[in-house]
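The following block contains the structure, expressed as structure tokens.
The first chain written gets the first letter, and so on, giving A, B, C and D; residue counts start at 1 in each chain.
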Amino acid sequence: MNINRFLRSVADSGKLLLRGERRRFVGEAVSEIRVEQLCDDLLSSKGEALGTALACSVAEAFNAMNERERLDFFHLLAERYGASKDKVEQAIAHYQTNKTSANLHALHRCSEPPRQELFRRINMAPGGTQTLVHLREYLLPLLTDYPEFVAIETDLHHLMTSWFNRGFLRLERIDWHTPAFILEKLITYEAVHEMSGWEDLRRRLADDRRCFAFFHPAMEHEPLIFVEVALCQGLAESVQKILSAEVDPGLQAQADTAIFYSISDCQAGLKGISFGNFLIKQVVMELQQELPNLQHFATLSPIPGFCRWLHAQIEANKLSEQQLRAIDGFDQPIQEACQSRDSAEACAVLMPLCAEYLYRAKRGSKPLDPVSRFHLRNGASIGQLNWNGDTSAKGMRQSAGIMVNYTYNLGLVEERHEDYVNDNLVMVEKDFYKYLAPESNACLKS
Amino acid sequence: MNINRFLRSVADSGKLLLRGERRRFVGEAVSEIRVEQLCDDLLSSKGEALGTALACSVAEAFNAMNERERLDFFHLLAERYGASKDKVEQAIAHYQTNKTSANLHALHRCSEPPRQELFRRINMAPGGTQTLVHLREYLLPLLTDYPEFVAIETDLHHLMTSWFNRGFLRLERIDWHTPAFILEKLITYEAVHEMSGWEDLRRRLADDRRCFAFFHPAMEHEPLIFVEVALCQGLAESVQKILSAEVDPGLQAQADTAIFYSISDCQAGLKGISFGNFLIKQVVMELQQELPNLQHFATLSPIPGFCRWLHAQIEANKLSEQQLRAIDGFDQPIQEACQSRDSAEACAVLMPLCAEYLYRAKRGSKPLDPVSRFHLRNGASIGQLNWNGDTSAKGMRQSAGIMVNYTYNLGLVEERHEDYVNDNLVMVEKDFYKYLAPESNACLKS
Amino acid sequence: MNINRFLRSVADSGKLLLRGERRRFVGEAVSEIRVEQLCDDLLSSKGEALGTALACSVAEAFNAMNERERLDFFHLLAERYGASKDKVEQAIAHYQTNKTSANLHALHRCSEPPRQELFRRINMAPGGTQTLVHLREYLLPLLTDYPEFVAIETDLHHLMTSWFNRGFLRLERIDWHTPAFILEKLITYEAVHEMSGWEDLRRRLADDRRCFAFFHPAMEHEPLIFVEVALCQGLAESVQKILSAEVDPGLQAQADTAIFYSISDCQAGLKGISFGNFLIKQVVMELQQELPNLQHFATLSPIPGFCRWLHAQIEANKLSEQQLRAIDGFDQPIQEACQSRDSAEACAVLMPLCAEYLYRAKRGSKPLDPVSRFHLRNGASIGQLNWNGDTSAKGMRQSAGIMVNYTYNLGLVEERHEDYVNDNLVMVEKDFYKYLAPESNACLKS
Amino acid sequence: MNINRFLRSVADSGKLLLRGERRRFVGEAVSEIRVEQLCDDLLSSKGEALGTALACSVAEAFNAMNERERLDFFHLLAERYGASKDKVEQAIAHYQTNKTSANLHALHRCSEPPRQELFRRINMAPGGTQTLVHLREYLLPLLTDYPEFVAIETDLHHLMTSWFNRGFLRLERIDWHTPAFILEKLITYEAVHEMSGWEDLRRRLADDRRCFAFFHPAMEHEPLIFVEVALCQGLAESVQKILSAEVDPGLQAQADTAIFYSISDCQAGLKGISFGNFLIKQVVMELQQELPNLQHFATLSPIPGFCRWLHAQIEANKLSEQQLRAIDGFDQPIQEACQSRDSAEACAVLMPLCAEYLYRAKRGSKPLDPVSRFHLRNGASIGQLNWNGDTSAKGMRQSAGIMVNYTYNLGLVEERHEDYVNDNLVMVEKDFYKYLAPESNACLKS
């Protein structure tokens, strides 16, 4: 019997106790009052069966809420389960009278919002972790409109960073030998280059491809993140070619390059709890061990912010007439646009602009492009730019079809990571460098 | 490749960076200064390779310390890595000026001793959890002499309660099919009834016995706690009989009773992080499933505090002359004592006294005996008293050889647990009740 | 490294030897002469690397043959690798001169066709078992036209019965957690009620269904046979209802009946090597253990020979005018036939005829219906007849849509099996018995 | 539920049938008559439950026999279950009348001793394979005194060669993580260099050692054969040094040589069914993969026949006076012998004689030494001779303490195997060659 079945049976005993002694649940609809009572009971319960049962009940209640009820519940968390200002006042007074470390500890404890303990107790129930991930998924989009919920998010983020610490992550190879119920989720979760169904998935798991995912023991049937890899001879320049290529099993022995062409986070509720970093590096090590002929590891990545930035440059009147003419309609899907422009000319204008964007456009001291920030932070460098790298409608709109390879050199990755994090250094490969106009001669008007 | 090998390789890259750039480690002896520097670096490091490397180095440094160095290190943790009183002062001022939840959060954060973050970071390194368990093992015995270390202990206890939460525990059956390196540890860790070697162990793992242990993913080769069970017809009355009985494989089918005759915590550094509770209940469920003929589940438990309490009663002059004569030398090993007293008379006097001890002697509102507190808190009841239950020298000295069966009735265990925790109710079985003199007629002089 | 990778590497060394020393393979097309040479070498080889390499080469050669080449190869096996009549003559002479057990053994050995040894050696190569299963798959349909191949079949059947002995079979539960590459094969191999794709498969693997397959270590990725089970309340009467029912996960707890509604052999080359028998009984035991509420185990089976037999009866003028009128068009797909007859009347006539067929029509001393022979031999009894049990075109044509439940009562199954095998006894359930006219009053004219 | 539990339950049903219907077993002692009846029933049974029950009963009956009863049983097997001479006569007559392949097949079948079918049926029962291995273990030592049993042995050998074919063998690493019940067996089965207990075993499984065993699915808890390997820098010259060396975990990274210092067959009843060959080569491949720094693979082997051969040479007067003087007492345990001779002089005389023995002494066209035959047949070459390689009493008596390294070069091993098997070629390494006197100048008088 595994621990979850055991916990569930403890919870079941607890529910009998709840029913027998309190008669509070029978026939009641889910309502804030009831949830409030459940949460209070959960926070004050000493017995473990009751505690587990209450945690399950809170989780069930939350999962059954509609939008309106969830909003009420978040208000409850923000207000009622925030730290008590009276108690904090008292603790400050005590501490200032007598500055012992015990009094300081007391102040620390009573300034912690009780909802943290509430979350910890929910997390212990079977399925509790999953419930909290869902809770955060609902919470995140509300933060703009409800700034008072930010404190809840801060607490959840703090706890989840500890619960999902990398020591608990388990890397698993995903292939056609993987259980169907996991594969089915990949089809759903693929966020970068959509899968059309089982046949499409099967091609991405063939012998000339690799796929790996991270799992966590508290959500054992849910991938947290997965990466898709194509084995290649030389750098891959087009994601459409990767997706439509005939299977070539011989590549396992011959390939010298592994291309990471898709990385998808699976759990919206874990946004900001970073796994991708470890995933890529651990996959590089796995691949090196399995396929010793591999010498290059690179992504084939979208450049999601390029067109947005470029439009801003155009509006700021930074492009010349000639440039503008060459790139007219540059971000339209190909079939609509291709008639109206000379592709070679557009390429000659857009590639340096894209290099400019990747290398010089910043948000604070870090690159403006979010994908770029992610890989550079991991210790990658910027490599080759690829014209017509992604000719899908989405690819054209985001980046005029241009894609970029970020290069992972395992021997340098830690050093580059430190350089980037501490000193904002961005490394580029030779293939990229050629597009960079000398500072004095930028492709944009200053 | 598993995550630990990966983390180790990340740590290795980090160490090269450390060596290459800082040259701080070469040829230096372990010293407080160095450790202080390492801890500062660890707390301030942003890069993950460096962070993991530093965490490893702190762990290694700690593991290499001698007693003197450890003491210095604990002082460092208590003082330097306690919360900064200046910053707390400032945060209080801010908060009192403007009582926002952001300012309260800031106060909460800066009142947390930085050593908590230090411990969290060490915990992420490969082997880090184990190191912190050792650290606490060294720390616990020092608390009496160094009350300033209590705050460190409070922090560790808080963190470990969360890290070792029951959702992560894995129950495993231990038998002769278990890997030898685990079995070897059972021989070392058995704390109640010592094992003399592999042959003794083998008997305890035979077909008429069961043994189960809890494991945790962060210390995968270390049992946390284990319990030994004997299958019996009726209640077992003597631990010596259990340990020396011939193997009877037929008991698997015929036994109606499972006797938990030994529970051993394995990790001194996890003292106070309770697992025994879950262990017993989960084992009861496992056994019910495997052996549906089992109807009774009980311990055969020592009564460690009985003789100590009885000596106190004697000194307080609570026993009659006649009682004293009957029990003269009662706590001596049998071979030395048996000549000097009439066993039947001693039994007649000692058994009611022992029942009195178990049922009426209290520490606060809970029983005085620690083993009793443990089982009652779990939801057990007090069952039969067994004369000559443990005739080893230790058994005679602790409890004049008397042992007691605590009874686990899975259908009642959660209710009893709640009654005990909330209302201090102690349930006793009929077999025990007969020894209890009516309140008005206690076996002690008042 | 598993043994197959090792054997493959041994085979590879052997191939280098073959190439280096003999130069026989380079540039040659697959041809009988070459295969003959390979087989001769394989039979005479003493070294194991060479032997394994040769076995692989024979297997590869066979797998590359076209129809014509296979026919030549079967002739080769029948003639060249049959027993040598000269040697047999000699061995008989020796034995008759001196009737020692050594001489008898020699006669036994030399009367064994050398192809048996050839098959044994091929069987040892990686993939060898699979190759021989394919070989037999090609061979079986040729036996009518080429009676000289029967001796090859006899040898293969003899060897396969021993290789696929039940001690090596591994029962596995198939569900949505099963690797995709296995599931894909179920879609292909389903022989009774066709699956339309992944969605259809998924429904058959939902929580109110069970599916089990047998695997063999020498063909680890190939199911040998699988059975599909529906959990039900009471006997299932219609296969279309089973296939189209909404998923009802609650059935796991409530169902009292398990219906085996589809059993598919997966390997045409293993025809006549019986697994279904063990599969059903072992699945019954698995289900009893998992779902103790199940009390009835029955099939919902086709009656493949009913219409064929009934046509023969009609032609032999055994049916009355009235019967004939009632069943006019009885074996047409429903949409075509339903207008032309009164269903209740057809039912009243056809059900007793079908019972007659199942109970009294024989081939030798055993039932004429092959599915009936299979289940009765396993120890089942004949249960309820179901009108409109399978209204697919195939179901209408085979048996006018009638299906039958065979009942497996594990407590009686072995006894019934012995009674059936030894004394031709056929057990029927009460529900079936009612359709059986008394012998003197059969529904057919005599 | 695994297949064995299922088979056992089938056997149990069968036993109930046996008891209920035949009442033959109650109260009867094991006796030849009963076993004969059981075997007859088993051979003639058609039903599978009865068959499995009967097979179990035969196995149980055999396992309960005393020496006398076993002898009777072997006579029964040899006579009653040999081929029927009458039937053979008839089949010969049929065949000679009409030489069809069906008649030849009939002759083949009836010349097969029925005990083969008996053994096959016993083999299908749970535990049946193990029983037959025991049966052969008892049988083998009787062959000299009872030549009429040779035919039984021939049949068993034939069947076991097929049942234990290498495709079914599973290689497993044995270390301190291996279940205790397996380790316990290694202590018992170690045949070359005895183990004194758990501590000795533990040393042999430390990080600078490797141990591997073969297992078979029909005897899953019994190792068939195991090999012990020491990681070394350069060739190991002394087995005592290997056994007593301090553990050096660093050797895993640094060692360039793997020394196979002990190979033990575990099952006396499988004598002559060769596994050692595959074991060594597969272990070499495993080690190459795990420890890429390893460059040399060699044994440190006893030379069991040297002293026996040398005594024969002495008696045949082939040694000179001087040689005899130098080696006086050469095969005595060191402490007794060392006084009486000059070790350097003895070495100078004995080493060339030993080389002579290994290289030139033959049995037919193959080497006289059995260990040498084994390794040369595997494709090894003869390497370095080691003076004082095994100074145990056994080592001194067998080979005057000399040991030899056989070298496995995986690139050459298959070629050498073929050369040895086909052309009797024996390869020697340079280190060995130097001891070989030129043919014309042998160290023995001709």
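We take it that a contact is a pair of C-beta atoms (placed from the backbone, for glycine too) under 8 Å apart; a residue touches a chain by one contact, two chains touch by 3 or more.
The shown structure was predicted, so the numbers you read here are calculated from the model rather than taken from an experiment.
Asks: So which chains count as neighbours of both chain A and chain C?
Replies: The shared contacts of chain A and chain C amount to nothing, since no chain touches both.
Asks: Centre-to-centre on C-alpha atoms, which chain is most distant from chain A?
Replies: Max centre-to-centre separation from chain A belongs to D.
Asks: Find the geometric centre of each of chain B and chain C from their Cα atoms only, then give the gap between the two centres in Å, rounded to an integer.
Replies: 59
Asks: Round to the nearest whole Å and give the separation of the Cα centres of chain B and chain D.
Replies: 50
Asks: CA centre of chain A versus CA centre of chain B: separation in Å?
Replies: Those two chain centres are 40 Å apart.
Asks: Multi-chain contacts in chain B: which residues touch at least two other chains?
Replies: There are none in chain B.
Asks: What pairs of chains are touching here?
Replies: Contacting pairs: A-B, A-C, B-D, C-D.
Asks: For the complex, which residues does chain B have touching chain D?
Replies: That would be residues 176-181, 183-184, 198, 202 of chain B.
Asks: Report the residues of chain A in contact with chain B in the complex, numbered from low to high.
Replies: The touching residues are 1, 3-4, 6-7, 9-10, 13-14, 16-17, 46-50, 82-83, 85, 88, 92, 95-96, 99, 101-102, 104-105, 107-108, 111-112, 120, 123-124, 128-129, 148, 151, 154, 162, 165-171, 217-218, 277-278, 281-282, 285-286, 289, 413-415, 417-418, 421-422.
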